[in-house]
Amino acid sequence: MNTRAALEAILFVTESPVPIEELAEVLELPKQQVQIELDELAADLVSRQSGLVLRQAGGGFRLYSHPDAYPYLERFTSSATARRISGASLEVMAVIAYRQPVSRGQIAEIRGVDSDSAIRTLERMGLVEEAGRLPGPGNPAVYRTTPLFLEKLGVNALEELPPLADHIPPAEAVEALEETFRPG
Amino acid sequence: MNTRAALEAILFVTESPVPIEELAEVLELPKQQVQIELDELAADLVSRQSGLVLRQAGGGFRLYSHPDAYPYLERFTSSATARRISGASLEVMAVIAYRQPVSRGQIAEIRGVDSDSAIRTLERMGLVEEAGRLPGPGNPAVYRTTPLFLEKLGVNALEELPPLADHIPPAEAVEALEETFRPG
Amino acid sequence: PPPTTHHSWILMTYHVSTAAFEGPLDLLLQLINRHQVDIAAVSLTDLVSEYLSYLDELMEMDLDVTSEFLLIAATLIQLKAHRLLPPGTEIDLDEELALMEERDRLLSRLLMCVTFKDVAAVFLRRWQEANRLVPRMSGLDQEIRFNPPDVVIPVGPAQLAGLASRIFARVGADPDLDHLDLDLPSVEAAIQELRSRIGASIEATFDDLVSHCQRSVEVAAYFLALLEMARWGLLEVHQEHWLAPIMIKHRSAPTEIDLR
């Protein structure tokens, strides 16, 4: 696989901008060479009027959808595919509903998998929102459900959510969890 | 913005495969036209040796990184960390795929062994989900496969899975097995 | 003899070399497979005695021996007993029919099990292919919010509560590592390596042997390798007390005769 293609793939899958040093390391190329490849890729996207753009932001590089695609993407959010709440998002919603306010880290801990993109999607859908930040390193944001969530679920208040009677986890697990929930 | 670019942007942001009907609706074009654009986009990706590929699976279209780029990607996204799957999970996945909706008890009966932990793993991976409960004592849950399962197996519908009959051992083998267990 | 070009069919796709098996049906299939060089019947007598000896071993190790294990054992023993009857023995027709029924049930379960194992192998191939195709998971990257009327929660309050209960219950459940790419080191590879590293007349501590390991799973692999090699008589393992270093001594050839 040629360098350009590898670079394109990396900038496509990444969830946050990638610093040029990291690109150089992964591609095993000097930084100058990577910069040339980046410039060429960016120019290529422009010249063939691609729907994607390469941008430098947040100390690194990443592909983004073209600003002119906005009306299409807005329409896309109404499509069944975009509106479908995936199993992962549904799980995140359930965790936030019953453990709010809860941070990304705590959600990932409970589900056993990284949940960032599911949280983002639920935020865009207006079903969850940030509810402040925890003290401590990094000041992680905590999330809660929104009034829209209650409306869409068909309940009037959080107190109306059915209690979690079944499946009480073993005592040690509860303790371990509470440990991770203790802020600070 | 031209159609190709808009299509590219949609396929870039989507979190699951987009059916052609939805693409047609968002782009406000007839399906045939969208199909031509999709074909051209796919051909274009191949001809310019892009790091991305267009694939139809799970009932729709989506962009993926090129398989050859895989070794470069692991550190950039959690979705690139190869999901290993155990033999037990694969077998449970197969039983659910062909027998859905199916309960834990029925799965255990077929495999001759308790399969709860494999079911949990598959649930967590978003490959199977609860599909309701059976009447009767204990109201056991039944499971079915998810759209993600179809996407991962590279098919658009359950009917496209290989027929189970093709995997029954050949007649000579069955005879040999019968011979082994002949009592007299 | 017929050419043995093709592999045994039962586990065509599953190569199992150790005693790791999942449940009684799996064990039975592995035993059949081990004996089957070509497509030919396996000796029932051998099969039954092997199955029973495994069962003994499991009980001795106090592992969870389910009624399934015992049920299948009972059927096997009955089948074998039947074969050993001298010709002309009076047989009870009801018993005979019941045995046939049990036998057919066992056979059809074995066939079903094999069928699903076979199709699972196809799933594995596709899974591995799909894993090399990485989709983008970050979603929309422009400030676009969903139109609230479009948003639909596909479950009701009760289902959401059920889902939450299951998720929280999973937290306390036994860890399954399936979904992680642990790149688990194989015990076999560790054995190979230890064999080459522990040349003649070397004494070492376990800590020395695993000093290069970065993860505890690697250490675990070496530890299992060590136990296995000790069992084969290739190594002597000694530990003063439970916190003391594990001392390992190479045993030259197990053929050496002690003349004392």
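Think of it as A, B and C in the order they're written, each chain with its own count starting at 1.
Here is the rule we go by: a residue touches a chain if its C-beta (ideal position, glycine included) is under 8 Å from a C-beta of that chain, and two chains touch if they have at least 3 such contacts.
Owing to the predicted nature of the structure, the values given are computational and were not obtained by experimental measurement.
Set against the Cα centre of chain A, the chain with the most distant centre is C. When the C-beta pairs in contact are tallied for A-C and for B-C, the bigger tally goes to B-C. Averaged Cα coordinates give chain B a centre that lies 25 Å from the centre of chain C. A separation of 37 Å divides the Cα centre of chain A from that of chain C. Under the contact definition stated at the top, the residues of chain B that touch 2 or more other chains are 12-13, 15, 63, 65-66, 69, 73, 77-80, 124. For chain C, residues that reach two or more other chains under the stated contact definition are 134-137, 139-141, 162, 166, 170, 179.
The part of chain A that touches chain B in the complex is made up of residues 1-2, 4-10, 12-15, 18, 22, 26-27, 49-52, 63, 65-66, 68-69, 72-73, 75-76, 79-82, 84, 86-88, 111-114, 117, 121. Residue ranges of chain A in contact with chain C, taken from their complex: 9, 12-13, 15, 64-65, 67, 69-70, 73-74, 77-78, 82-85, 90-91, 93-95, 97-98, 110-113, 117, 120-121, 124-127, 148-149, 152-155, 160-170, 172-174, 177. Contact residues on chain C toward chain A in their complex (touch as defined above): 134-142, 144-148, 150-158, 160-172, 179.
Interface residues of chain C facing chain B in the complex, by the touch rule stated above, are 9-10, 14, 22-26, 32, 36, 39-44, 47, 66, 68, 78-79, 82-83, 85, 99-100, 103, 106-107, 109-124, 126-127, 129-137, 139-141, 162, 166, 170, 173-174, 176, 178-182.
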